[in-house]
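You will see chain A twice below: alongside chain B first, and alongside chain C after that.
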Partner chain A sequence: MLFLKKTVPFLITLGMGIFTFMYYFMPHKMMKIIWEDVSDWAIIIGGGAMAVGAISMIRTYYRKSLNKDDPNRWYSLITLICTIGMTLIGFITGIGGESLFNDLFINVMIPLESTMFSLLAFYIASAAFRSFRLKSFSAGLLLVAAIIVMLAQIPLGENINENIPAISSWIMDCPNVAARRAILMGISIGSVATALKIILGIDKSVFSGAGK
Partner chain B sequence: MSTNPWIWVGAISTIMIFTYLWKENPLYRLAEHVFVGISVGYLICVTWFNVLHPKLYVPLFQEHQWVLIIPLIMSIMMLFRFSTKYGWVSFWPLAFLIGFSGYGIPASIDTNMLKQLQATINVSFSGGIIPIITALIILFGTLSCLIYFYFSFPHKGAVGKIAKFGSMLLMISFGASFGYTVMARISLLIGRVLFLLRDWLGVVH
Partner chain C sequence: MSIENNKDNNSSNKNKRWLYTILNLDKRIVYICIFLAIALPFFLNPVVDIKSTKWVKSSYDLVEEAAQKRKPILIGFDYDPATLAELQPMAMAIIRHAFSKNVKVVGINFLLNGTSLAADTLEKVAKEYDKKYGEDYVFFGFLPQISVVLLNFGEDFRKSYKKDYYGKDLNEIPMLKGLQNFDDFHAVFCLSGTGLPSTYIVYGVDRFKFNYIAGVTAVSAADYYPYLQSGQMKGLLGGMKAAAEYEGLLGKISDGMRGMASQSWGHITIIAFIIIGNILFYVKKRYEDEDKEKKL
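The block that comes next holds the complex of A and B.
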C-alpha cells in the first residue's frame, strides 16, 4: 500500500518533471505533440482541482449554515444561495455576452470587486501614515520615492515641479530595476530549489492533508 | 438619476461595500458574502464552459477521443481528496500537476536569472554622464542588493557598506511599488465614485 501512496506519486512527479524539463531543451515535433496533449490533460485535471475547491467551499458553508449556535450562519446561507444561483443561471442561460450570467458578472460582481479593492486606498493611506514616519534614512528613501512616483501620476506633480515625471521615470528605470533584478534572481534560485526538492522526492509534504 | 435596474443593483452593491468605512456592519457582510458566492458560481461556470466542455466533454463524448478518459479518471481521482481512507488516490493527479513544475526550472533559470544577469552585465556606458551613472547604479546596485540577501557571511566592513547600499535601493524600489499600488487603488476609487455620480445619480457628465 505504501507503494501506491508514496512511490507511485513520486514516480509520476519525477517522470513528469523529467519530461517537462527535457521538453524545454528539446522542442522536437514528437515532443511537442506529447507536450500539447499532456498540457491539455493538465488543464482538465486542473478543472478537477477546481471542483475539489468548489465542493470544499460548499461543504464548509453548508456546515456553517446548519450551526444554530453561530449568529452569522445566515451569511453562510446567503453565500451558498448565491453560489448555487449563479451556477444554475450560468448553466441555464450560458455565459455569452447577452446572458443573465454576464449581466450579473458586469453589474454585481465587478462593482463589488472593484469597490472592495478601492477600499484599500483608505487603508493603504492610513498604513502609510504609520509606516512613513521619518524614523530612519531608509524610511526617508521609501517616503520620498513613494511621494515622487505618486505625484508623477497626477497633473499636480508636473505643476509643482516639471522634473517630477522624469525623476519618477528614472527611479523606475534605475534603482527600481537594480533591486527588482536582485529580487527576481533570488526568487528564481528559491523556486528552482523548491521545484527540485519536490521532483526528486526530497520534500514529500505536498502529498499530505487528504481527508480534511 | 438612472432608470436602468442593473445600474441600481451596481450602485447599491457599491454603497453596501463603502459602508465598511463607517464600521463593519450587516450590509457590508451581506455584500461580502454575496461577492464570495457569485465569484465561486462564476468560476464553476467559466471552468465548465471554457475548459471542461471544449477540452473534455466535446472531444470525448462527441468526437470519441477515448484517450481523454485518462484525464477524466484523474480528475475524478482528485475528488478522493475528501476521503480519509482513500485520500491518497488524489495524490496521483496532484503528482501529475506538480510534475509540470519541471518545465519551470529551466524557464525560471533562463528568464529570471540568466536574462537578468545578461541585461545587467551588458548595460550601456555611453551617452553622457547621467546614463553612465544610471548604468553604474544598475550594475553595482544589482550586485549590492544580491549581497544584502546573502547571509553566509556577516554584513560588516566593506560588505556591510555594500549591503547597506543594496538595502537603500530596495527601499527606493519598495517606495516606488507602494506609490504605484496607492495610485492604482485611488484610480479604482475614482472609478467607483464616478460610477455613482455619473452613471447612477447623473450629477456629473
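The block that comes next holds the complex of A and C.
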C-alpha cells in the first residue's frame, strides 16, 4: 500500500519533473512528440483535480451540515444547496449567454464577490486612522511614499503639484524595483529548492497520506 | 493661584477627554465616512481630464501598431468578479480600441470564475461596433494548467484548444485560419488581479518573445515594475486610473473615468484619516510626556 501511496507518485513526479525541465530547455522533435501527449494528460488531470476538489468540498460541508452541535451548520447547508442548485441549473439550462445559470452568476455571484472585495476599502480606512503612525524615520518614509503614490493614482495629484506623478514614478521605478527584485530572487531560489526537493523525493510530504 | 491651577487642570482634562474620544472613535463612523466618500461621487460628472502615463501609452501604441500591421491581439481575461471593478473597464477599453481599428481579438481564460464574464464583455463590445463572432473575435474559454497551455500556445494553440467556448471546432472558425502561435499576435494582454501575469512571463515571454502587457489591480501593480525594466513587459495597466487613462487616449468616457471621482474622494479620505490619526497621536504623546514630567 505504501508503494502505491508514496513510491508510485514519487516516480511519476521524478519522471515528469525531469522531462518538463528537459523539454523547456531542449525542444527536440522527439521531446515534442512526447510533450503533446503529456500536455493533454496534464490538462485532463487538471480538470480531474477540480472534480476531486468539488467532491471533497461536498463531503466536508455535508458532514458539517449534519453536526447539530455546530451553530454554523446552516452556512454549510446553504453552501451545499447553492453548489448542487447551480450544478443542476447548469445541466438543465446550459451555461450560455442567455441561460438562467449565467443570469444567476451575473446577478448574484458578481455583486457578492464584489462586495466582499470592496470591504478592503473600509479596513484600509480604519487602519489608516488607527495604525499608520509616524513613529520612526523608516515609518515616516513609508508614510510619505504612500501619500505620494496615493495622490498620483488620482487626477487630483497632478493638479496639486505637477511633480507628484513624476515622484511617484521614481518611487515605483527605483526603490520599489530594488526591493521587489530582491524579494523575487529570494522567492525564485526558494521555489527552485522546493521543486528540486519534491522532484528528487527529498520532501515527500506532498504525496498521499502526508500528515496522517 | 490654586484656583488658576484648578482651571488649567480642568481644561487640560477636557482636552484629554476629547482626544481619547476621537482616538477611540467607533469604527462604524470611519466606515460611514469612506462609504459616503466612495458612493456620493458616483452622482458627480466623470473626471475626463486625465494625462496618460508612459506605460499606458506604450500599451495603447501596441494596439495601434497591431492595426497598422493588420495583426490580431490576444487577451487573457483572467479576472473574476472580485476584481471586476478595476479590470473590466480596462478590458472594455482595450477591446473598444481594437474593434475601432479593425484589430481582431482572441480571448483566453485561466480563471474559472471569469469565463462567462469574459464572454459577456467581448459580446457587449462587439455589439457596439457591429463585429461578428468568428470573423472579428473568438473566445477560446477556460482551460486549467496555465503553464502547459502557454507552452503549447508557443508552438500551436490547437494542441490545447480543440474547440472554442461555444463548442465550435477551431478549424471551422474563419478568423483563425493562418493563426498558429504567439508569433501571429502583435500583442498579448493578461488582465488579472492574481499572480497569473507573472506566469505568462515565465512560460510565455521568456521562451517565445512576444509583446506582453499586464493589466493588474492598483494594489498589485508594484509587483510588476521589475518586468518593465527588464523589457519582459512592454506596458502596464495598473488599476482604474490606467483604465481611465486608456479611455482618455481613446476619447471615450466609460466606467474608468466614471469611477475616477469615487477613487479620488476615497483616496483623499484615507489620506485625511492618516493625517488626523498622526496629529492625534502626537498630541497624545505630548500629554503623556507632560504627565510624566509632572509626576517627576
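One rule holds in what follows: the second predicted complex is superposed on the first by the 199 of 212 C-alpha atoms of A that agree within 3 Å, B and C clash if a C-alpha of one lies under 4 Å from a C-alpha of the other, contacts with A are read in each partner's own complex, and residues count from 1 in each chain.
Keep in mind that, in the parts below, a contact is a pair of C-beta atoms (placed from the backbone, for glycine too) under 8 Å apart; a residue touches a chain by one contact, two chains touch by 3 or more.
Quick caveat: nothing in here was measured; it's all calculated off a predicted structure.
A.B. asks: Tell me the contact category for A:H28 with respect to chain B and chain C: first, second, both or neither.
C.D. replies: A:H28 contacts neither chain B nor chain C.
A.B. asks: In the superposed model, which partner reaches more residues of chain A, chain B or chain C?
C.D. replies: After superposing on chain A, more of chain A is contacted by B.
A.B. asks: Which partner does A:R63 reach: the first (chain B), the second (chain C), both, or neither?
C.D. replies: In the superposition, A:R63 contacts neither chain B nor chain C.
A.B. asks: Once chain A of both complexes is superposed, is A:W170 in touch with chain B (first), chain C (second), both, or neither?
C.D. replies: first
A.B. asks: Regarding the shared-chain residue A:G97, is it in contact with chain B (first), chain C (second), both, or neither?
C.D. replies: Second partner only, chain C.
A.B. asks: Would you sort A:R133 into first (chain B), second (chain C), both or neither based on which partner it touches?
C.D. replies: Once the two structures are laid over each other on A, A:R133 reaches chain C alone.
A.B. asks: State whether A:L156 touches chain B only (first), chain C only (second), both chains, or neither.
C.D. replies: second
A.B. asks: Answer with first, second, both or neither: which of chain B and chain C does A:F122 touch in the superposed model?
C.D. replies: A:F122 sits against chain B and chain C alike.
A.B. asks: With both complexes overlaid on chain A, does A:I43 touch chain B (first), chain C (second), both or neither?
C.D. replies: After superposition on chain A, A:I43 lies in contact with both partners, chain B and chain C.
A.B. asks: A:F105 contacts which: chain B (first), chain C (second), both, neither?
C.D. replies: A:F105 contacts both chain B and chain C.
A.B. asks: Based on the A-chain superposition described above, do chain B and chain C contact any of the same residues on chain A, and if so which?
C.D. replies: 23-24, 42-43, 45-47, 49-50, 95, 105-106, 109-114, 116-118, 121-122, 124-125, 128, 143, 146-147, 150, 153-154, 172-173, 176-177, 180-181, 184
A.B. asks: Quick one: which bits of chain A touch chain C in the complex? Just the residue numbers, please.
C.D. replies: 23-24, 32, 35-36, 39, 42-43, 45-47, 49-50, 95-97, 102, 105-106, 109-114, 116-118, 121-122, 124-126, 128-130, 132-134, 143, 146-147, 150-151, 153-156, 158, 165, 169, 172-173, 176-177, 180-181, 184
A.B. asks: Where on chain A is chain B touching in the complex?
C.D. replies: Those in contact with chain B are residues 4-5, 8-10, 12-21, 23-25, 37, 40-52, 54-59, 72, 75-76, 78-87, 89-91, 94-95, 101, 103-122, 124-125, 128, 137-139, 141-150, 153-154, 168, 170-189, 191-192, 195-196, 198-199, 206-207, 210-211.
A.B. asks: Okay, in this complex, where on chain C does chain A touch?
C.D. replies: 25, 27, 30-31, 33-35, 38, 47, 49-51, 53-54, 80-85, 112-113, 116-117, 119-120, 123, 143-145, 148-149, 151-152, 155, 159-160, 166, 207, 218, 221-223, 225-226, 229, 239, 241, 244, 260, 263-264, 266-271, 273-274, 276-278, 281-282
A.B. asks: Which residues, counting only chain B, touch chain A once they are in their complex?
C.D. replies: Interface residues on the chain B side: 6-7, 9-11, 13-14, 17-18, 20-21, 29-49, 51-52, 55-56, 67-68, 70-72, 74-85, 87-88, 90-109, 111-113, 116-117, 119-120, 134, 137-138, 141-142, 145-146, 148-149, 166-183, 185-186, 188-189, 191-192, 195.
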